[in-house]
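Below you will find the structure I want to go over with you.
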Amino acid sequence: MTIRAVVWGENVHDRENETVRSLYPDGMHGAIAGALNADPAISATTATLDQPEHGLSESRLRDTDVLTWWGHKAHGDVEDAIVERVARRVWEGMGLIVLHSGHFSKIFRKLMGTPCSLKWREAGEKERVWVINPLHPIAQGLGQSFIVPETEMYGEPFAIPEPLETVFISWYDGGEVFRSGVTYRRGGGSIFYFSPGHEVYPIYHDPNVQTVLRNAVKWAYNPAPALTGIHQAPNVPVDEAPEPIVEKGPHLHKPGEAGLR
Amino acid sequence: MTIRAVVWGENVHDRENETVRSLYPDGMHGAIAGALNADPAISATTATLDQPEHGLSESRLRDTDVLTWWGHKAHGDVEDAIVERVARRVWEGMGLIVLHSGHFSKIFRKLMGTPCSLKWREAGEKERVWVINPLHPIAQGLGQSFIVPETEMYGEPFAIPEPLETVFISWYDGGEVFRSGVTYRRGGGSIFYFSPGHEVYPIYHDPNVQTVLRNAVKWAYNPAPALTGIHQAPNVPVDEAPEPIVEKGPHLHKPGEAGLR
Amino acid sequence: MTIRAVVWGENVHDRENETVRSLYPDGMHGAIAGALNADPAISATTATLDQPEHGLSESRLRDTDVLTWWGHKAHGDVEDAIVERVARRVWEGMGLIVLHSGHFSKIFRKLMGTPCSLKWREAGEKERVWVINPLHPIAQGLGQSFIVPETEMYGEPFAIPEPLETVFISWYDGGEVFRSGVTYRRGGGSIFYFSPGHEVYPIYHDPNVQTVLRNAVKWAYNPAPALTGIHQAPNVPVDEAPEPIVEKGPHLHKPGEAGLR
Amino acid sequence: MTIRAVVWGENVHDRENETVRSLYPDGMHGAIAGALNADPAISATTATLDQPEHGLSESRLRDTDVLTWWGHKAHGDVEDAIVERVARRVWEGMGLIVLHSGHFSKIFRKLMGTPCSLKWREAGEKERVWVINPLHPIAQGLGQSFIVPETEMYGEPFAIPEPLETVFISWYDGGEVFRSGVTYRRGGGSIFYFSPGHEVYPIYHDPNVQTVLRNAVKWAYNPAPALTGIHQAPNVPVDEAPEPIVEKGPHLHKPGEAGLR
């Protein structure tokens, strides 16, 4: 079965900044979607900030298995209602791949519950991405490490919860380290954060980076039906309790009443 | 050193519902603060929804080591700005104890990044709270299990991230189970969720429950100075890199420019 | 691709105890292998304690993708060298499903690093297995909970490390609870422990239990090549350092010398 | 209350290697114990491989709150019975700090359940230890990072389970990274692994390293009574079940019989 991926791109620097435009004539989202579509198991399309509902309507998200997210300059322009909508789909089982400066996106911070802050330096220095977890599906097809020749440094402390799995840790010329590939689960959704991807360097054209992206989409895909019930807090009436019980004590709620929230 | 605890109470049912009022003449927050103050290592005061800034001004939070949170009917009335303020203090190192129906509070859902939904039934049934982690500081002074004679059932699936530590799991007369005591860390802050505490039963007068509350406050206390830098994403200029590097490549940011967010 | 599963059975009570023999005329391993082979994606064979090398020769393990383990009476009779061999294959990426009384097997205790102790009672009571993690691959095809009508009670505290994922928690008639389905990763290997399976009840003939077994084998399967290097601690000579460095300081090891262990 | 620490040292290179002997005239264990005793909250003594029972008799371990472990050349000479004894005390609540080449000690591998392998290079290169978790008790009193001027490189992949908490990650001159400070819990015992400490460099005389050691001992200390019951798997007879049940079904065990293991 083909995995339906949507590559979300902010598409601001892609249009406004000449360096970015020349590196990514189809936008970074276009380059990422192209990399994903090189795998026949994935069918990737794109969505951008400037589209109605940022390209992420209810119906489109319902038909999305895995969403990738790249944003930088305009995190604040993403509507809260769309962020909530994306979070709900993640909880229902949609995979989410958050890229680079997406660490500060509304959706990533919402799902992590932490500031997601870090140190940074834009000096075109070398990054060496080490595979910490060699049998993890996201690390397949890579060597022990790979190099991003020119990168923006992202340095620890990275204010995230302790990961479910640490897949990559990066070494930088300038002396810092960074947990550059980490996984989480939130509700039914699998989440992968991957830090390389600064827009003024050709990072999404790098074969190793593209391998990571394809692996991540396949890893984050969950074929199970959407867990739409996860948003409700159902009452279990006394006469439907798994074991027979006799009701007692005082009550706050009237019989059949919906819970408070 | 005395731990400065603030017991936050919604204080709605405490005033409006006759059963709750008679069980908790000083409000549930009053009963909880009283239980905490029975330990000389803790100095607890209270704050409620109806106070200015819900009793949680910037300066008061700055002087709070551990906050406990009980809300039920009026989660939606808690101002988003106050929720953000509390989250920031948690990330800086303030402990947070979330109680019972607080699973659906804005602050808990914000810190978990999940829906925090569950099943429920208000039938005064028996809950047996099992100690899963007998040497955990929060479980000290308890037996292998303790009984809450009349409880509101909270049942799995509880839509939370996999806990850092599972301290308690509850068994119910009616056939359900629930992870009734779980811990997390978010930034510098330690978080404990504890499910017993429905307002129409005298649960916060129970000696075992009070032991858990005191233990939890002491466990969540971090004496280290507030990690106020966790909210920033500082630039590390090239000439301050830990290792000498030579700048290269194109740039998005001008020298000394603040990062985007 | 077909997953090559080996179902290991102690095969002592299966032969010696009349109740077990009548429930499982082909041994419990036979019943489990039959359940697995009902899925065309799995090809299961069996191995037993009484066979040479307990049926787990080096070459057979090399060709095993996922091993399931049931033992009870004769944990002590499993040779340490075979336990070490199985552990090494797990670290290299072989999946391992540990069943019921296998909690006290040498292999499970070795991989957990804890006593793996628990409470127990053999009274034919009812167990209700709750799905805690509804979108987990191991829980697919089940309802919110399922019943094992007659079970041996296994009760908390279960002395295991905090799980990677908690999939099932069980409720018992007699008042106890148990984390009945938990996952771990050790090296490249995925591990699932599942508690139902006492030999004097027909538990491995239960359709829900069989669904769990098939799901678990598929979940634990890792198609990546064996991580045979995980057992070594390779020296990285100075002239092969990823970044050029100049050697300095005193030495314990002569150039090219193997490390100590 | 004073924390009773025992500093275990292999004491082989300390005596046999002239470089080590001159750096650590009282042995590395002597230097570590001295560093710990600089904190009035800790009372540290030493134990070495060459002593009867390696200095770790049953009664001494019973009176030990936290054990630190340094070994390198003679892991194989540590008796299995003593390793088992130490593991049992960890499970009962004793803290354990494993240092440097102790990653390959029998006790650490037993508690981790993984090979604990890594890459290494002895070239006196620089190590920069980054604080990943700035409010962790083990990181108090340190800056954002500290330097070990001459170190043995330990490089990823480090074959350990995903840590409970990642406290430090190291950067090396030669291009590698390493999770240099990680925590675990095994039964009641808190475990911290810290990688700096190669014997031909004066690392245990370093003030930052000494701060880490003192912090770690205080963090690993659990004042609760020893959890001696963790080794047993008690039967809960039918007439002592928390909830009244009626026995049914066939039996493997006779009433009152001990469980199998």
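Order as written gives the chain letters A, B, C and D; numbering starts at 1 within each chain.
Here, a residue touches a chain if its C-beta (ideal position, glycine included) is under 8 Å from a C-beta of that chain, and two chains touch if they have at least 3 such contacts.
For clarity, every value in this text was computed on a predicted model and none was experimentally measured.
Residue numbering shows that chain C and chain D use the same positions for more than half of their mutual interface. The most distant chain from chain C, with centres taken as the mean of CA atoms, is B.
For the pair chain B and chain C, the distance between mean C-alpha positions equals 36 Å.
Inter-chain centre distance (chain C to chain D, centres taken as mean C-alpha positions): 27 Å.
One finds 31 Å separating the Cα centroids of chain B and chain D. Within chain C, contacts with two or more other chains are made by residues 128, 134, 155, 157, 162, 164-165, 171, 175-176, 185, 187, 230, 242.
Across the complex, chain C meets chain A through its residues 93, 128, 134-135, 137, 140, 145, 164-165, 171, 185, 187-188, 222, 224, 227, 230, 242.
On the chain B side of its complex with chain A, the touching residues are 13, 17, 19-20, 72-73, 75-76, 87, 91, 101, 104, 110-115, 117-125, 150, 153, 155, 157, 159, 161-162, 164, 173-176, 184-187, 198-201, 230-238, 241-243, 245, 247-253, 259-261.
On chain B, the positions that touch chain C within their shared complex are 128, 130-134, 144, 155-158, 162-166, 169-172, 175-177, 179.
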